[in-house]
Amino acid sequence: MADLDMVNRDPNNINDFIGVQFEDVLAEPEGAHSIDCVWKASFFCFNIWKNFFYKLATLCCGMCIAAEWGCEFARIAFTHIWFVTPFFKVLEINCGCLQKFWALCVHCCCDPCCEAFGLIFGAFRKD
Amino acid sequence: MADLDMVNRDPNNINDFIGVQFEDVLAEPEGAHSIDCVWKASFFCFNIWKNFFYKLATLCCGMCIAAEWGCEFARIAFTHIWFVTPFFKVLEINCGCLQKFWALCVHCCCDPCCEAFGLIFGAFRKD
Amino acid sequence: MADLDMVNRDPNNINDFIGVQFEDVLAEPEGAHSIDCVWKASFFCFNIWKNFFYKLATLCCGMCIAAEWGCEFARIAFTHIWFVTPFFKVLEINCGCLQKFWALCVHCCCDPCCEAFGLIFGAFRKD
Amino acid sequence: MADLDMVNRDPNNINDFIGVQFEDVLAEPEGAHSIDCVWKASFFCFNIWKNFFYKLATLCCGMCIAAEWGCEFARIAFTHIWFVTPFFKVLEINCGCLQKFWALCVHCCCDPCCEAFGLIFGAFRKD
Amino acid sequence: MADLDMVNRDPNNINDFIGVQFEDVLAEPEGAHSIDCVWKASFFCFNIWKNFFYKLATLCCGMCIAAEWGCEFARIAFTHIWFVTPFFKVLEINCGCLQKFWALCVHCCCDPCCEAFGLIFGAFRKD
């Protein structure tokens, strides 16, 4: 079991679009600055409440949810690896035959026509 | 908790389109200049009233609003991180199978035809 | 509060299209010149009346209008900074999810077809 | 008040299209020349009457018209500088929001489809 | 009052298309030559009658017509310089506003759609 990076907890950037930092949400452009202490207090309020609720929610449910997803993904992995992928291999082989036969027919019928119509653009040919 | 930049309060430029400086709003072109003291007084009036009302509003509601958004974003982050993203991962795996199956069918049926029709543009091929 | 440039009163050129100088309005081409004193008198009349009325109007209403716009822009800045922008952030996050789901469906259905049809233009491929 | 150029009275060439010189109006090509004195007399008649009437008209009305245009342009400048431009600034800010919202919807709906259809032209991609 | 060029009476070439010389009108190609004296007599007849009638007509009416055109062009110059051009300046300023408003609407509505549809041709992008 690999080590767990405690600092960068999204190494594959799958949740990057969820920006919930203070500066992603609230920002005062030049010319509209509130009083310094108000801005500072807003920053602490935002962070304290956000962290409090998030940490509370994960403390209560985090482990259960993770366990549940563990079971679910075990089931999915088992199904796909042992049934779906081999079945697709069979399908692929049979489809290959069918496609070869179908290509034979189509090329037989259409190629001469298309080559003929292709003469319309003969002027673009670079010899 | 990171430091708060008190000078540049919009490091990600998300509110850049809100230009509320005096020179963004009022400007006198060449040939239409009011008396100097009037222009100066206008500048001070604009800034004093703008700052007074903005600072008053943020003083009253700023912290509450920030706290409210903190809770809201904690909820959003929790939902997306622990439910939505893993659910999408499941969906993605199943969709990958479905797409592979559907691609097999489509490529089997259409590829020969499209290759044949592609001969029409054969003159553009660079050998 | 920043300094006010009393000479160039339109640093961002937002009112450049308002050309109200004498030579922007009245001009005599070669071959149609009035008597010199008439032309000079017209120049002074134009400028005196223009400046008199403009300076009078700004003297009467300038400061009030500027104060009014100050309040208005304080209101706009407050609304946008503390409500609209964070709300858009929430919307953006949810929309990101929806788009991911919708993209999954669309790519699943359409990608194989479009790739197959793309073979028609195979001749343009640069290998 | 800037200096007035008494010789070149159209520094911005706004009335260049009004050519009222004798050679702009009357001209005899090779092979159709009137008697010299007639041509010369026509030249003087044309210029004397043109100048007489133009100078008379400007002497009578020039200053009044210039004064009138002065008032008019003072009114226009005042309206545009103090009302129209700030109002457009407000409109711009609100429109910016609306556009962001509309762009979110459109990109959410159309982007996956357009990307998928774009695969049809995949052969033109320069890798 | 400028000098009058008595030789080149069409310095701006405004009447160049009126070719009334003998060789512009009558010409005998190779193989169809009249008797020499007939050709020479025709030449003199043509020129004498043309000059006689043209010079007579200009002698009678030239100066009056020139004077009349002088008055007319004085009227035109006065109208255009003192009324039409300033009026167009007013129109231009108002049109500038209207255009800004219309551009705002159009960019707001169409920009997101066009960007999305532009993805169809993403393959032609040069990175």
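Just a few scattered comments:
Chains here go by letter, A, B, C, D and E, matching the order in which they are written, and residues are numbered from 1 within each.
Definition applied: contacts are C-beta pairs under 8 Å (C-beta built on N, C-alpha and C of every residue); 3 or more make two chains touch, one makes a residue touch a chain.
Here the structure is a predicted model, which is why all the values come from computation and not from measurement.
Under the touch definition stated at the top, subunit C and subunit D share these contacting partners: B, E. The minimum number of touch steps linking subunit A to subunit E comes to 2. Rounded to a multiple of 5, the Cα-based rotation taking subunit C onto subunit E is 60 degrees.
Farthest from subunit D, judged by the mean position of CA atoms in each chain, is A.
Counting the residue numbers that touch the partner chain, subunit D and subunit E have less than half of them in common. A separation of 20 Å divides the Cα centre of subunit B from that of subunit C.
For the pair subunit A and subunit C, the distance between C-alpha centroids works out to 38 Å. Remark: subunit B and subunit E have CA centroids separated by 54 Å (rounded to whole angstrom).
Multi-chain contact residues of subunit A (touching two or more other chains): 18, 24-29, 31-32. An unclassified topology is adopted by the chain contact network, corresponding to no line, ring, star or complete arrangement.
Under the contact rule stated at the top, the pairs of chains that touch are A-B, A-C, B-C, B-D, C-D, C-E, D-E. Partner subunit E is touched in their complex by these residues of subunit C: 17-19, 24-29, 31-32. Of all the residues in subunit C, the ones that touch subunit D in their complex are 14-15, 18, 20, 22-36, 38-54, 57-58, 61-62, 65, 69, 72-73, 76, 80, 84, 88, 91-92, 95, 98-99, 102-103, 105-107, 110-111, 114-115, 117-118, 120-126.
The part of subunit D that touches subunit B in the complex is made up of residues 74, 77-78, 81-82, 85-86, 89, 92-93, 96. Within the complex formed with subunit B, the residues of subunit C that make contact are 1, 4, 6, 9-16, 18-21, 24, 50, 54-55, 58-59, 62-71, 73-78, 80-83, 85-86, 89-90, 93, 97, 100-101, 104-105, 107-109, 111-113, 115-124, 126.
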